[in-house]
Amino acid sequence: MAASFSLCIKAAPQTAGALHGLEFAKACIAQGHTITRLFFYGDGVYLGLKTLTLPQGEASISQQWQAFITTHSIDAVVCIAAALRRGVLDCTEAARQGLEFNLLREGFVLSGLGQWVAANSEADQAITFG
Amino acid sequence: MAASFSLCIKAAPQTAGALHGLEFAKACIAQGHTITRLFFYGDGVYLGLKTLTLPQGEASISQQWQAFITTHSIDAVVCIAAALRRGVLDCTEAARQGLEFNLLREGFVLSGLGQWVAANSEADQAITFG
Amino acid sequence: MVNPVPKPLFIFTQAPHNNPQAREGVESLLASAAFDQQPAVLFMGQGVLQLVPQGEQPGAKNLNKMLQALELYGVEHIYICRDSLATYALTPDLLTPSGQLIGQDECCQVMQQSQWAVRF
Amino acid sequence: MVNPVPKPLFIFTQAPHNNPQAREGVESLLASAAFDQQPAVLFMGQGVLQLVPQGEQPGAKNLNKMLQALELYGVEHIYICRDSLATYALTPDLLTPSGQLIGQDECCQVMQQSQWAVRF
Amino acid sequence: MGGTFLVMALHVLASINSDTLAHCMAGMNSADSLLLLGDGVYVQQSAPQMTACREVTANLYVLAPDHASRLPHLTPAVTAIDYAEWVNLSLTCGPVISWY
Amino acid sequence: MGGTFLVMALHVLASINSDTLAHCMAGMNSADSLLLLGDGVYVQQSAPQMTACREVTANLYVLAPDHASRLPHLTPAVTAIDYAEWVNLSLTCGPVISWY
């Protein structure tokens, strides 16, 4: 029976948790389940930073997340408070500081913690990675 | 007698280590010692990210580091490999990716690990924070 | 002693200062309370140190002050691991906020009976 | 058994995978060696797990492979805490690279006699 | 404390830090399950830690790809599962609690 | 192992994780000094950890501002020093080794 999952990624890009979350999310979709929402919190907000740059030959977990999110049109929210604190600004937040750029990867949006706790209580299962 | 210090900050902006490094560096200067070099490594490279945004009333440790560095004209190097991996790009690195901005705070420069190990062996004392 | 109906549970196991985790835990707990989810919170291990009143540091958020507002936000179930208090030589009278001291078996029940649980 | 003249010391105490720290430790050790500083390295605690050969993960750097290049880079002093090996049920024959097994007193001497020391 | 709401939890352990392991164990009993993953797979290499796990519950799992990348020379000491099985496991339990 | 190069180290402990503390202690003897700072000041609250420290060395310090922000209700159990004194201490020892 199809179930719904709310997933929170608190793990930084170079850590095991970021990969666990991605592979778990892929397995959910592969089995016909739905993902209510992805919520990026703590150091997980760096997964939405589009300037991460890896040496040739190394896979970018951040790009893999983005590809997964856009392919399956998943609601991917980056915690706005955690993101500001860490410098991950979208257009709007950058403009607020007189800066003209967007550091947030396409497919991700900034929003509040309410998005997370609401999704956790709606979904059949809520899991945190990191 | 005046001594020279090589300081490495591996601690992320919101952690105790980032503050310890700053206060220690201030105390060095206040006592007439010199700082051979500051080297920002690991999550310490985020201290050079100019988009960190804190709520009103909270002190920005990143701005405090910048003020200290520029006031005393201290050589402040951010590890280039660690910075790229974390998305902290200067003009040159951003341009390499077709982006037209600079995320590195004024006063900091990107350079290699050799800058750190060389400073450690030159200075009278080498200390790591974080 | 536990919530009769499954509710969210926030488990805090980190010392208060060394990283933003502890603070981000408290902020998400408050968000859950604001959404009227009636979350419970369990302090264990180094997390009990968050309950010790802290001195003021200019420009820094005082985590313990934030915790003192829990009841104001409607967080009614505050559990504290008794063994962890002993580890850090803390007595209940020192703690702000205070809470219900529970043993290991009860910690386990609190977790099992939660609707969903996150650890910071 | 230790370097006769003080040299840099890199102390590795982290498990190989969970964060970038372990890798950034190895990269800085290699930088020190490349500058002909003749650094020593000490594996202790969970750090000894870095010496266990790892399976390949596509797109990920294999930390143990990097360590196998240490001798090539001229890192001659590789110390391994004997007690930590026992903790993780590891035998010296399994480890790549191998190194000199030392006890707690010697760990202490290696640290005291270093020119400067960093821990990852 | 009636059994009505007593559903087992799935604890997910991705660390071998002593404190993290101790916290995780302190919140478990024999009705719960434990999945080792990330650097948590190394718990299998520590006899005292493994004994502690077995004393708490018999429902022990390890994430197969993480075991293969970290301990390729060893057969898993507990039931190896893949991500699909982890998803299924999470749907047969109460809360999933992560310890990184 | 002649005494010529045997200079004491200053260990800087900013954590109360059991493993970090154990590693730090394992590398120390009575010729070394230990400075508690950051969340390491809470080591003073743990009788077994404090005993372990005292058994290793008598040269124990705590960073005064960190003590004041974390344990304002308590008198330091070891010598409290400020940043200026920490700078001086670091110039009278061999390597400074940080444990965060």
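First chain written, first letter: the chains are A, B, C, D, E and F, and each begins at residue 1.
In this text, a contact is a pair of C-beta atoms (placed from the backbone, for glycine too) under 8 Å apart; a residue touches a chain by one contact, two chains touch by 3 or more.
Just so you know, these numbers come straight off a predicted model, no measurement behind them.
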Subject >> Chain whose Cα centroid lies at the greatest distance from that of chain F >> reply: A
**OP:** With contacts defined as at the top, give the pair, C-F or B-C, that has more of them.
**Re:** C-F
**OP:** Just grab the chain with the largest centre-to-centre distance to chain B, centres being mean Cα coordinates.
**Re:** E
Original post:
Could you state the distance in Å from the CA-based centre of chain D to that of chain F?
Top reply: 24
Original post:
Just curious, how far off is chain F from chain E if you go by their C-alpha centres, in Å?
Top reply: 35
**OP:** Name the residues of chain B that each touch 2 or more other chains.
**Re:** 14-17, 85, 125-126, 128
Original post:
For chain F, which residues are shared contacts with two or more other chains?
Top reply: 14, 17, 19, 38-39, 95-96, 98, 100
Subject >> Touching two or more other chains - residues of chain D >> reply: 17-18, 20, 46, 115-116, 118-119
**OP:** Write out all the pairs of touching chains, ordered by chain label.
**Re:** A-B, A-C, A-D, A-E, B-C, B-D, B-F, C-E, C-F, D-E, D-F, E-F
**OP:** Would you pull the chain D residues touching chain F in the complex into a rising list?
**Re:** 1-2, 4-6, 9, 11, 13, 44-46, 81, 83, 104-105, 107-109, 111-119
Original post:
For the complex, which residues does chain D have touching chain B?
Top reply: 8, 20-21, 24, 27-28, 31-32, 34-35, 37, 115-116, 118-119
**OP:** Could you please specify the touching residues of chain A with respect to chain C in the complex?
**Re:** 6, 8, 41-42, 81-82, 85, 112-114, 116-118, 120-121, 125-126, 128
**OP:** Flag every residue of chain B that touches chain F in the complex, lowest number first.
**Re:** 3, 10-11, 15-17, 20, 23-24, 26-28, 30-31, 33, 124-130
Original post:
Which residues of chain C touch chain B in their complex?
Top reply: 17-20, 23, 58-61
